[in-house]
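Below, subunit A partners subunit B and then partners subunit C, in two separate complexes.
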Partner chain A sequence: MVAALGRRSVRQAFRRPQFLAPIIVFPSLFLAVNTGGAGRAVDLPQFPPVHGFLDFQLAGAMLQSTMLAGVSAAIALALDIQIGFVDRLVAAPIARASFVLGRLVATGVLGVLSGLWFITIGLVFGAEIHSGVPGALVVLALVGLNAIAWGTIGAALALNTGSPAVAQGIFPIVFVILFLSSAFFPENLLLEPAKTIAEWNPMSLIANGLREPIISDLSWGKTLEGLGGIAIVAAIGTVLCARGINKKLRSA
Partner chain B sequence: MTTGIAFELRSTWALMRRAINEIARVPGAVIPAVLAPTIFMCGLAAVFGNLTQLPGFTTDTYLTFILPVGFLQGAGFTGAATGVNLARDIELGWFDRLLASPAPRGVLLAGTVLSASLRVLMPITLLMVVGLSLGVTFPGVDGLVIAVLFASAFAAVAACYGAILALKFKTQAAAPLMQAGMFIAVLFTTAYAPQELLTGWLQDVARLNPVTQILEAIRQGFVGEVTWADTWPGLLALAGLGAVMVTLAMRGLRRSGE
Partner chain C sequence: MAGIDLEVSEGEIYAFLGPNGAGKTTTVRMLVTLLQPTGGTARVAGHDVCEDAPAVRRSIGVALQEAALDPLMTGRELMRLQATLHGLPTEEGKRKGDALLDRVGLTQAADRRVGTYSGGMRRRLDLATALVHDPSVLFLDEPTTGLDPVSRIAIWEEVKRLNDEGTTVFLTTQYLEEADHLADRVGIIDDGKMAAEGTPGELKSQVGIAHLELVIAAGESAEAEEILARFGEPMPSRDGTLMVGLRGGAADVAPIVRALDEAGCAVEALELVQPSLDDVFVEKTGRHLEGAADDQPSVDETVPA
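Moving on, here comes the complex of A and B:
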């Protein structure tokens, strides 16, 4: 049942451009403009040694894509609640949390697909994955897990509000969280107060974990830090999600 | 009386007022569009602020450099939202009733796109208040007037673009196309850095993109003096884009009525 609901969610994303655009189109455009507009940043003396600015930016694009995948999942789930689809699932003889798990599986799949997309366009436009195929696999795993973690946040939002408009309204917040992390620029080169906030933002851990295999050798320390950041997001999302499911079941 | 200039002006104003009423009646739908340019301005300044250390940068504070981009982003988002609203009106059948009314097609288009010129005043007011409180250089009265007028006019151009897509696809599902078009138009310019500091393909695209001229006209008062030399290319670009967009939108409107 979870797999069937997951397949439905993935198909839904591919059929409706409103769901796919935030995951692929906007992060790709942002990657293009960041790379072309701020590419000379690598000439700054404090910038870490990288093959190119595109290599550095790929992690930010993947992070943005997976966070927006979570928001898109929130909108889709809220629409399912609005049209009564979730109520029918709750009344059906299946595990109560299936409708959320199906959505999370789909978000994870979309995350991995977006990771593949960004690695491909990165390679096409001259980036290098410094740590090779093993590094690319680590990146894909982190991207998929991060998408699921943000999927829990999205599901919690949908379950607790039931409103696609509210879910839509969270888009700017995603950018606030990203700007206040090391997703797009090295932490030491951010301006205050963003620099201090980025040091505490778990998204910086995830960004650095994603970036490390791309710009240098595979470092398990950074990968574990990335997993730690994902665990923090997933823990918050799961608690809020459980509360939302209980709320939904009480009202059903 | 359903003919004459007075009727057309009244009809245009009524359509503009309807669009503006939505701000008060559906604030939840408007708030993200109002906040987004300010969030981008503050975020991009915090992230890329140290780019001003690069030789050749035209200002010491990145916030001053990036604020005019917020003007155009606000205009672009407002224009795209106008297109989405028009698509919603088409889906709900409201626009068919307007087409059946005695109002000329030009009035229907004017009412829709000019509302964007007024609505854009909200995000740019917020941008200016936040920007000035964070230390952005005041562009002078002439610089500010030029910036506001150019942003308002660009919002109308962006709304025309949204209307073209709404009339073509007749569905709100076209929203990403409207937003992506504006994203490209506004950011594939000298948004992040002066022309000579852009890298690779973006340097060429920014040179060819007419919105670069509009951005530089808006930016001139913030980073230096207002001059005719920096103003007329922006005026020309606005006029050219406006002429093309209005022509295409009118063609879409005529086809809708067939």
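Moving on, here comes the complex of A and C:
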């Protein structure tokens, strides 16, 4: 049931290119601009030792991609609510949360695909995955899980507002959250108050967890921190989702 | 809702007739477990809608007011998804889905995206998806709103066929003709309350009898009035149109026309007017059912994806 709904959501994303563009095109352009424009940042004192600035930036691009995948999922689910498709699903003899779980599965799949994309273009343009294939697999797993976590945020937004316009409106907030983390720049080189915010921002944990296998040896400590950051996002999203589902089921 | 009591027998077509905002869709949404009632009880196909909602959902097919179809899916994909949602094995779902698409005349369009379908095609697809699991009760919320007359009749024929095969049908409509044509019994709802209930014939007989309206050639009206008084119940004329109530309905028309002809009264226009469900609505609520004077659906348009 969940797999069938997940397949439908993935198919929907590929049939509606405007849902894919935020996941692939924007982060890729951002990656190119950042890497091309600020590549000398690696020369700054206290910048972590890296093979290249592109290696450092890949985690930020993947994080951005998965967060925007969550926003795209929010828009898609809000559209489903608007056209009554969610009613069709809720009137069927399936677990009530299945229509959300299906969407989350799809978001996870899209997250992994985006991770593969960024690893591929990174390698094409000279990046190295320092910890090799095992590290790449850890990165893909974290990217997929982060996409699911942000999918819960997106689903919560859709269920509580029912509005694709509202879901689309949080695009800028994604960038603010990312810039106030270690996604694009090491925490220790940020100025206050951004530095303090980044230290408390779960996105920093996730960014560091994604980055470590790329720029260094595999560190289970950083990986677990990344999972912890993902769990925080997923917990917030799940609670808001549950409220949204109850609200949806009570409303006419 | 202000309190609805109704019972629909197995194998019946029950029409819920009322204006926009009367509570028709709200009632349907409660019965199909999309909305939790705040009071009262309801059982559908023998199962309580609150206590045993999953069993209700297994027993019912639902086609809501908005044909809730994903425009990016093809008709065939949607049928297969619906079959999966109702737990049908893959092969059985494919077979039933293809058979239903054929039944509603969508085989040719099955592999096109739903967004390219006309309104009539979407309604037929919506109806087909509601049937994939052979429900014992079918809920149709305004199934022909916005359809052209040809599509509307096609839906009516399909509903009748389903009912002949044993499916109980609960449909909501704001079209008098639809309720009159399809329903075994009609419930008239207004402001969240039942205003009247019965077969179409029972309801109409409560508000009066048929009457004949005639326009007679100038100078012959007085004689015509005398003749009409012999056959029925005289009614006040209106704008030169003579009217007479006929207890026998259409059967009384021919003798009247013969009598007028024999007397040399030229009939310029003639119309037999039957009591309508709108007359019932006026009797019970003091106002007309919205759109009763223009009981024709608007022509649908294809909305591309």
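Observations on the model:
As a convention for this text, the second predicted complex is superposed on the first by the 251 of 252 C-alpha atoms of A that agree within 3 Å, B and C clash if a C-alpha of one lies under 4 Å from a C-alpha of the other, contacts with A are read in each partner's own complex, and residues count from 1 in each chain.
One rule holds for everything that comes next: a contact is a pair of C-beta atoms (placed from the backbone, for glycine too) under 8 Å apart; a residue touches a chain by one contact, two chains touch by 3 or more.
Here the structure is a predicted model, which means the values were calculated and not measured.
Look at A:V124: by the touch rule set out above, it reaches neither subunit B nor subunit C. Comparing subunit B with subunit C, the partner in contact with more residues of subunit A is B.
Judged by the touch definition given at the top, the superposed model places A:R16 against both subunit B and subunit C.
Looking at the shared chain after the overlay, A:V133 reaches neither subunit B nor subunit C. Once chain A of one complex is fitted onto chain A of the other, the partner contacts of A:L249 are limited to subunit C, with no touch recorded for subunit B.
By the document's definition of touching, of the two partners only subunit C reaches A:A4; subunit B does not.
By the touch criterion defined above, A:G84 reaches subunit C but does not reach subunit B.
Applying the stated touch rule to the two superposed structures, the overlap between the subunit B and subunit C interfaces on subunit A comprises residues 16.
Of all the residues in subunit A, the ones that touch subunit C in their complex are 1, 4-5, 8, 11-12, 15-16, 80, 83-85, 87-94, 249-252.
Note for the complex: subunit B touches subunit A at residues 28-29, 31-32, 35-36, 39-40, 42-51, 53-54, 62, 172-177, 179-180, 183-184, 187-188, 191-193, 197-203, 205. Interface residues of subunit A, counted against subunit B in their complex, comprise 16-18, 21-22, 25-26, 29, 32-41, 43-44, 46, 53, 165-166, 168-169, 171-172, 175-176, 178-180, 184-185, 189-191, 193-194.
Contacts from subunit C toward subunit A in the complex involve residues 25-26, 29, 32-36, 54, 57-58, 60, 62, 64, 66, 68-73, 77, 81-82, 84-87, 113, 129.
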